[in-house]
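Naming follows writing order (A, B, C and D), and every chain is counted from residue 1.
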Amino acid sequence: MTRDEALFEFALRMGDTALILGHRISEWCGHAPVIEEDIALANIALDLIGQTQMWLGLAGEVEGRGRSADDLAYLRDAWDFRNLLIAERPNRDFGHTYMRQFLHDAYAVEMLGELTGSAEERVAAIAAKALKEAQYHLEKSSEIVIGLGDGTEESHARMQDALERLWPYTGEMFADDAVDETLAAESIAPKPSSLRPAWDARVNAVLGEATLTRPESGFAHLGGKTGRHTEHLGHLLAEMQWLQRAYPGATW
Amino acid sequence: MTRDEALFEFALRMGDTALILGHRISEWCGHAPVIEEDIALANIALDLIGQTQMWLGLAGEVEGRGRSADDLAYLRDAWDFRNLLIAERPNRDFGHTYMRQFLHDAYAVEMLGELTGSAEERVAAIAAKALKEAQYHLEKSSEIVIGLGDGTEESHARMQDALERLWPYTGEMFADDAVDETLAAESIAPKPSSLRPAWDARVNAVLGEATLTRPESGFAHLGGKTGRHTEHLGHLLAEMQWLQRAYPGATW
Amino acid sequence: MTPEERHFQDRIDAGEKIEPKDWMPEGYRKTLIRQIGQHAHSEIVGQLPEGNWITRAPTLQRKAILLAKVQDEAGHGLYLYCAAETLGVSRDWLTEQLLSGKMKYSSIFNYPTLTWADIGAIGWLVDGAAIMNQVPLQRTSYGPYARAMIRICKEESFHQRQGYDIMLKMARGTPEQRRMAQDALNRFWYPALMMFGPSDKESVHSAQSMAWKIKINTNDELRQKFVDQTVPQAEYLGLTIPDPDLKWNEERGHYDFTQPDWNEFYEVLRGNGPCNADRMEARRRAWEEGAWVREGLMAHAEKRRARRAAAAQAAE
Amino acid sequence: MTPEERHFQDRIDAGEKIEPKDWMPEGYRKTLIRQIGQHAHSEIVGQLPEGNWITRAPTLQRKAILLAKVQDEAGHGLYLYCAAETLGVSRDWLTEQLLSGKMKYSSIFNYPTLTWADIGAIGWLVDGAAIMNQVPLQRTSYGPYARAMIRICKEESFHQRQGYDIMLKMARGTPEQRRMAQDALNRFWYPALMMFGPSDKESVHSAQSMAWKIKINTNDELRQKFVDQTVPQAEYLGLTIPDPDLKWNEERGHYDFTQPDWNEFYEVLRGNGPCNADRMEARRRAWEEGAWVREGLMAHAEKRRARRAAAAQAAE
């Protein structure tokens, strides 16, 4: 695998994860439990769509076949998406949505933090911008996880359930493969496995404050990073890509 | 409006209503409250898809521009759909689904019954085949409406709620327009308004047995028959047409 | 008029702002609560028709712009609820009034968004009409309301430009896009005209509200202004306003135009618009399904407060 | 062996069918309940992966065929629950066993359907493997089970042909369709091989089940038969079986092939397949959200019965 092949894959992984997670969050629009949360969720979605534009823009540039960020977002089928599976999991309830966000944010902060020192300038520049957003997201999602975990009996039970349901999708964030090896060798990106200790520490601290019990299972669903998704992604894309597919060639 | 223009519109109205209602019913697949209902719902959906093929086939033939039933089903946007709005209303719960089905079936039986005597042979032939299915559907949906209406307190309340929610979508079935006038003048199809007394009688009888109260409001949402739909149809089509839109020109 | 009322009216006439702690007639307070509440509810319900297209926005940029817009609307709702709260009602009470149907929201949001062009039409026509209504309200007599309107107007005009930009792209696009744009204009034109309310001849509360400077212009004045502003914009887009009788009246210096169908307006107010039931259901569900979240977060805040208090006591 | 057991075994050895009212060893009954229940649950859960594509089927005809197929599966589930009920357990009890995770369903249904070609692959490979398992069971010793299998096998072979037909269309279609077809084969090949269960060497219950004619062939025999049948079909499609070591063994008169990853098999059994949690959640939700329907219909049936009884009494 060449450096550029690996970089293309990596940029897709980052961009697709932001895109799909952002899409999920945007599904909340107008349906949150309080207005402040309508605003906060829209804000997170907005940041993630912005990150998508940067990462997929980079992917298109690296690929060099003239595909724009929009082409990549709207004209690939599910198997060419490289997002982490956790991003495509359905929203279910508000607590589940924020638990997913928290588990992701704790990873994103570590990943982006490392990427700010990337030997590839374009990566470092994107990371620097995205890191600030991710830190804010993490602060926010930690707060909600703690508030609901250490809230009422019902909110606690719902958060524990969300945690258990999402836990098997966290391992994928730290699974290294050839793409990661190539980029690590070039000092472009860290090995995902190297981020785990910091993530563990953060997650343990927040779950502790939230009075939630960390699941013991180490089982991890894999596949998102290589294009083997859950059944949920196809439905999401059918909706997301509708206009571009129905009216090919139009500009909007 | 020429006879053929009117016939084209009419065939779309019949075909699209069957298609969209059939799609909604098919969403239940594997999720019904008992296996017998999984089977019954699949059966209704199957009949409706079969009727769609006949009506849209006729529409394409009458139009004479070489569009097949599949082209019409998969390659039109929402505004070119002519289904009754009631068909696109979401499933919500099982009772709501069957209330929608019942209100529709009671109309379909009257409409198809009249159409078996159509001066246009192709219409009469389709109606003869579809009528038998519609009669069976009506028997089945009446049974469920009665069973749940006159069941427990909860099932009664849910059915009354479904009835009230769906009632404003029944008036459209009986609203005449220029298409109907043209076809009535040619003895091809009855005026929808002429079906109302029989529908009323049937609906009153079943609601009576179901111990449900018929809503008093005469307000009717219109628009489906002329292409002004609810927000639900676009989402349904995004899913339904996905493959045809994403892979244009492929055969399956 | 009592001396208090006299004094109050004098202050208003002098262009002074009324502030929350000031004395005010009960009618003034009630009218303001109704008006601000209704406006706030409109912002909140107004998220739904546009939200309907966020997941289907055609480009990343359009998706981001739409998200930001809907976020602004939630923000406006928040400012306005805060302004209403200065009049002594709580946000929860206002929400209950909305969900029980006792308070209304703008009837425009009971119309569906059926194509992407509707997102353009809402920005162009609906925000356009809203601005027309709101700009004068920056000079309304109640201080917190006037200040909220100043912030809101700034953002709304931005939204209107974005909406017009969508319309422009569509009107200059493929034949299908052009058809979408015209269709959106056809469907939103009269509902937008309705946003100014029935003719002042029909309006009961108008005179008092104008004296109190809660209302600054008459409905008909604003509607005319909106038509005069919008017609050339439609012409620039190459779209046809769905009113065969629309024409420039040289003498009046205004466009003559057909009034909307007020029967439809009253039907929609009565709950019979295309989307009333869906909108209320969406808001009710958001509220009900969010109950455990609000309770959970409140319980946690209470625990934290108690722990801090205990810690403070232990430290003493 | 007790004389009763001896007599029972003699009947089986003589090829007689055991019927519900006949005496049978407790182990025979339990094993059958487990096997038939698991098979019934598989039909029910098996609706879900295919149901996932009903709303996205690419043509009206394909949609109709798929609907009919999934309907058949529900029907098979019904036959099998009825067969199990003849052994003295209720359908509700069996459902509870499924929903609590005490009884399993075929692990193949824990794999997702990701493209339309997966619908073809399921018909071709999954129904193909199922038929391979089921055809011999038409001769199973328990009468109601054998009769259910006869009805089921007739329909399954129809399904397999339909699945193969989808694969053929895809394999002869556009490059993307071909890619979908190959990808589906890649993902379903080993899971299909797993459907025959672990090697007989590992299988504890096999010997007793074979003596009772609840099981007719060994897992390895059936798996080999499946491979031998499927390889030429894949060749005809122009698709590559994802096993570099697959090759014809002239001496054995069979294909040599790579065993599936049995660790994966046990992980999936433990609940760690790609879709276990989603599948169980879908079934649990269907059951829980359907409770009011079952209760409502039962209450109505009870009322009707009571009314009829009262009417009959009045008539006397």
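The definition used in the following text is that a residue touches a chain if its C-beta (ideal position, glycine included) is under 8 Å from a C-beta of that chain, and two chains touch if they have at least 3 such contacts.
Since the model is a prediction, treat every value here as computed from it, not as a measurement.
*Asks:* Spell out the chains that contact chain B while also contacting chain D.
*Replies:* A
*Asks:* Which chain pair shares more contacting C-beta pairs: A-D, or A-C?
*Replies:* A-C
*Asks:* Measuring centre to centre with C-alpha atoms, which chain is farthest from chain C?
*Replies:* Of all chains, D has its centre farthest from that of chain C.
*Asks:* Averaging over Cα atoms per chain, report the distance between chain B and chain C in Å.
*Replies:* The separation of the two C-alpha centroids amounts to 37 Å.
*Asks:* Determine the centre-to-centre distance between chain C and chain D, using the mean Cα coordinates as centres, and give it in whole Å.
*Replies:* 57
*Asks:* Could you list the positions in chain D whose residues touch two or more of the other chains?
*Replies:* Correct list: 56, 176.
*Asks:* Mind pulling the chain A residues that touch 2 or more other chains?
*Replies:* Residue numbers touching two or more other chains: 77, 234, 238-239, 242.
*Asks:* Chains as vertices, touching pairs as edges: which of line, ring, star, complete or other describes this one?
*Replies:* other
*Asks:* Touching pairs of chains, which are they?
*Replies:* A-B, A-C, A-D, B-C, B-D
*Asks:* Please give the residue numbers of chain C that touch chain A in the complex, ascending.
*Replies:* So the residues of chain C in touch with chain A come to 44, 47-48, 51, 54-64, 67-68, 70-71, 74-75, 77-78, 81, 116, 166, 169-170, 173-174, 176-177, 282, 285-287, 289-301, 303.
*Asks:* Spell out the residues on chain A that touch chain B in their complex, using ranges where they run on.
*Replies:* For chain A paired with chain B, touching residues are 77, 234-235, 238-239, 241-242, 245-246, 248.
*Asks:* Going by the contact rule at the top, pick out the chain A residues touching chain D in the complex.
*Replies:* Interface residues on chain A, with respect to chain D: 77-79, 165, 168, 219, 221, 223, 228-231, 234, 238.
*Asks:* What does chain B use to touch chain D in their complex?
*Replies:* It comes out as residues 19, 23, 26-27, 29-39, 42-43, 45-46, 49-50, 52-53, 56, 69-70, 73-74, 93-95, 144, 146-148, 150-152, 154-156, 158, 239-240, 242-244, 247, 249-252.
*Asks:* Help me check something: in the complex, which residues belonging to chain C touch chain B?
*Replies:* 49, 52, 56, 112-115, 176, 183, 187, 267, 272, 274-275, 277-278
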